[in-house]
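Here the chain labels run A, B, C and D in written order, and each chain numbers its own residues starting at 1.
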């Protein structure tokens, strides 16, 4: 529908704008940045914080610009003494019920509330009184919930139900006693939370943060008796620059490798290597299923949040999920076996650390069935944010450090391993390999544009040896639910489905750097640039197909035998089972 | 075979003076002539309050009232009305209007005489659980008329002409609201009756539903026809079990009689009503919160626009009116929109129901024409302040309203005048306060209520009302600080203008209006640490003066045994034990207890 | 064709007949207020006393009905007695005991109890 | 006393009816009312059951159950006390009545006494303003209360 051009007045000057926009959208386009807090462009309009109020001539009260539509002839004032004071008082009311521990807070200097308070010029407190006092929930492996820091903007509730369709969180109680919590105020650990960490990403304060292992890690890195091994996920390198003030989109893999060594790691491996390995196993598994041995469509299994999600929300489809472990856990398994053998050390003496873009990987590391010979495949998972902080804390200047290569024998990767981090990447990588494994011919046109980009659900087709393979890609657990409903409705519609738990794939993971001063969390432009960084890595590699990775080939030759061998099954594959509490995805539940 | 009737003769002094005794004789003679003695009974009633038109008589159970009746009229009344069931139009008072037959039946002119019962016309007269009773008083005739003679647009025009405005408090013109909903073109439209009456101390809607549930249903069905709604909901507090039961029965009876369901009264119009229960949340009186509650959500309001008339329940156009608004509709249709608009003031038409309570002799439910003064309500209908106390303030609009001082007693009841005075019409709570009521304490009471009922969604209401309550509490406890009044004003004005919904936007009213009208009381509390009304216990103490005769009444009344003393000798209060409940003060017949 | 108006007129006539057939024209009619407020103030007890008296003591000439709240809160529960040829009497703040006495004295002997009436 | 199985069936039937109509999820509050009617309060097991049958996330049900004050999340005492805090009662001393009850029974609003005898609640208006201040214990209204009278009434329950 074509929208009409209308005329509005903002702060005394007349502008043309489009009908159908909200005041905030129109103002944004015209260069007026109205302060805001609960608003998030990806989520429904809440209109709750009232920070974005403006004066509209003729209205008896202030209007929330995020919700109010522009109308022809409307006279808007965004910056009068009165409205500034009202906004100031509102932000102060929020602060009055907020801990005053900015200096010891994890989000110090990275906090939207703090920035807002600063821009309001709050210098004196007028209304201090009783403050909320709740216990922190430390039970989750991944996410810490601190209701004291919560300002009830509801972004976490909205992303959890609207984008992820998990609805682990809700507003409970009411009025001054309102708290965002899981059902029955149960420990986070026991809830349907998939540990994806998107609540952390959208939280303007520190009401949600990841469970932090930095101090433990520092301590362990100082232990001379153990071998310290790190692996880093593709998406970490695509985003960590942002934590150092760089524009999104700069790939920093060699810098990170160098930085990790300076932190004290003895070996720095690349999760992209095990991504290549995953592709070998997964593509082989798919071809087996495709040839009649197993259920189709096959659904990918590398996203940990998705793993927990499928067990709680979609137990009817467990058989469709690939038995492949995630690249992180494959790497962990190899570190404890193949690599330990190589360096002739007791696997117990190896500290296996994963640097991930993801909070759910912390949960994955705790899954008992992923243990290798009684040891966890990964001892500790730290997020991009944690490692960036560690670098800074240790005085490692990632911007000026000289890049280094990853270590052998688990450090070399193909371009296919790199694009794992972006939605559609696993599928693209798998097709590159599956094609050749099936036909014996090399797929030449390897950049599958139809599987790239941020569309919620992407569908594609490839023809392998005259047979059509129909694939689908979904990112974010909400889109996943939609694709799975398609699968339930028509089991033959797809052969292969990629699901990533987070919006954008791993690049939008729950452990990535916080949004900056001028960007919102989950900003699409930012996600696109991170994805582009990964596709750039792929483009610049000479090896772009997983099966061409010589170190992977050597691994099979020396250790595993062949894909899907007994050894592979023992080390690289896993199983799933339905878990309680059951997750529920409502048909059409609006968040109120 | 003639049917049976009751003839009621007004036996008030004026009618007697105007020879109604003669009428009685004439009636008896005439009945005897038609051999009807015993088939028609004759009753006398107290003053029917229509003295100017006396002598007055009524023919029941239809409540047809004849005025200026002479003995010569009797044969015609008997032969036409009693024998042929044709009322004698030229003698009928008010052309048999629906409204106001109330005190003609009930008497009690002191209390009811100045009232005008439109909404409550049947409350206390008919058996609410018997649809026959409602039918006998022209029930569902308005609906039949609408379906027979009027197009939907005509109905809306009539409602617009009547000048009826929303009785839930905000006073939005009902006809315009209907028109907005009617204009939407969708497959489905909904209609809601807001019966989530939540003001503490208000029970207008409950009484209306309990006393005359069909009136509300009839109003809704007419509204549904006018706007094209297919399904209606009554959202009612779960705390009203009897009202719910009566509504359920009324809906079932109406369905059975063909007033609800498919093809109502043989027309091609279909509509049905479902009851949905609230669960104890005042904020659900706000229309978007109410919609969310019906949808099965937390009762949190959302920003408007879109307005419910465009996008409401289940995202469909939805017309919401409250109980009292709906109950006016049948009367407007039958008695006429022009007539309705002749009642009241220029901008506020018709009547308003109030729950009159507090320090007043006649507490109760009243309905008065718009334009009546507050003074008239308090002193004429309410009978004034009991125990020879002095009037201090009138609170209207409940927790959303304000407190008016004596200076405003000549304010007329209408939306604009009450707003100008610093209060609101509200849904109908009206509480009278005397010199023993502390205005700071009352403001605190209302704010505590709204703070407790805040849904918690928007910052100003959630956080701001809490801070205001803290400040008010410390003032009433004698810990008020310099600048507290200004803080209250600053917060109050912020909450009023920045809150998301009506609850927040009106929550500060009781505080702001008491600051405006009774500022010195606040100053006394803060600066002098004194509560002159003696309501703030922390600021009150009691002492026994030498007026004490030793009657021991106070000693017996004291709940904590703080008073000692022998009979016929001076008593003493142990200040350490005293909880300052004030019972001794109220009990003492000798004014021997001093409050400070 | 029957219009809705025709239908409603017929229904009303039938309704009135039903009311009359239930004894509306009994020489004495008793109305007990039965809204939540009245019930809270004790009108159920009062109603019970009248019901059982009518049943057990054969007061065939009494028509008993409930009604909604008239609005006189401070006088509830209210009972109205309408008697042929007399001014209706309204009693306020009626208790079980008072109801008993109203039956004995007013309904049976026709003597209204003046001191309890609402003036 | 209804057997546990019958309660379950009754609730199930109620939900099935809700599911058959339009917008079944909108019946959540009605279902919670029914569940409370059957069980006296809403516990996790009942809410889980509702969640599964109605396909509504538990976090949402929990949000609704905690939003509305009519719903009890804990078992109630043998007798329910509602002290009216409507305006008329307040003006006539309801606050003292409430304080007295709290002190006498050593409970706060929404709490149940240790012996399981009483659950204390407050209510907004019982519509018996003429009897103010009032409290309701179960279905009976006690009017024109004083602190002393209040204590006597409470004690009378223990003598029964």
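Descriptive notes on the structure:
Here is the rule we go by: a residue touches a chain if its C-beta (ideal position, glycine included) is under 8 Å from a C-beta of that chain, and two chains touch if they have at least 3 such contacts.
What you are looking at is a predicted structure, and each value in this text was computed from that prediction instead of being measured.
When chain centres are set by their Cα atoms, the one at the greatest distance from chain C is A. Remark: the per-chain Cα centre closest to the mean position of all protein Cα atoms belongs to D.
Interface comparison, C-D against A-B: more C-beta pairs in contact at A-B.
Centre-to-centre separation of chain C and chain D, using mean CA positions: 34 Å. Averaging Cα coordinates per chain places chain A and chain B 56 Å apart. Separating the centre of chain B from that of chain D, both taken as means of CA atoms, is a distance of 27 Å. A separation of 24 Å divides the Cα centre of chain B from that of chain C.
The multi-chain contact residues of chain B, meaning those touching 2 or more other chains, are 203, 206-207, 281, 295, 297-298, 357, 363-364, 455. Under the contact definition stated at the top, the residues of chain D that touch 2 or more other chains are 25, 56, 60, 63, 67, 127, 129-130. Residue numbers of chain A whose C-beta contacts span two or more other chains: 171, 173-174. By the contact rule set out at the top, the touching chain pairs are A-B, A-D, B-C, B-D, C-D. On chain C, the positions that touch chain D within their shared complex are 35-37, 40-42, 73-76. Chain A contributes residues 161, 167-174, 181-185, 191-192, 581-589 to its touches with chain D in the complex. Within the complex formed with chain B, the residues of chain C that make contact are 2-5, 7-9, 11-12, 14-20, 24-25, 27, 33, 35-37, 39, 65-75, 80, 82-88, 90, 118-119.
Put simply, chain A touches chain B in their complex at residues 45-51, 53, 60-62, 64, 67-69, 86, 89-90, 93-94, 96-97, 126-127, 129-130, 151-152, 171, 173-178, 590, 592.
Across the complex, chain C is touched by residues 3-4, 6, 11, 41-46, 61-62, 106-108, 110-111, 120, 122-133, 135-136, 138-141, 143-145, 147-149, 203, 206-207, 210-212, 240, 242-243, 257-258, 264-267, 357, 361-367 of chain B.
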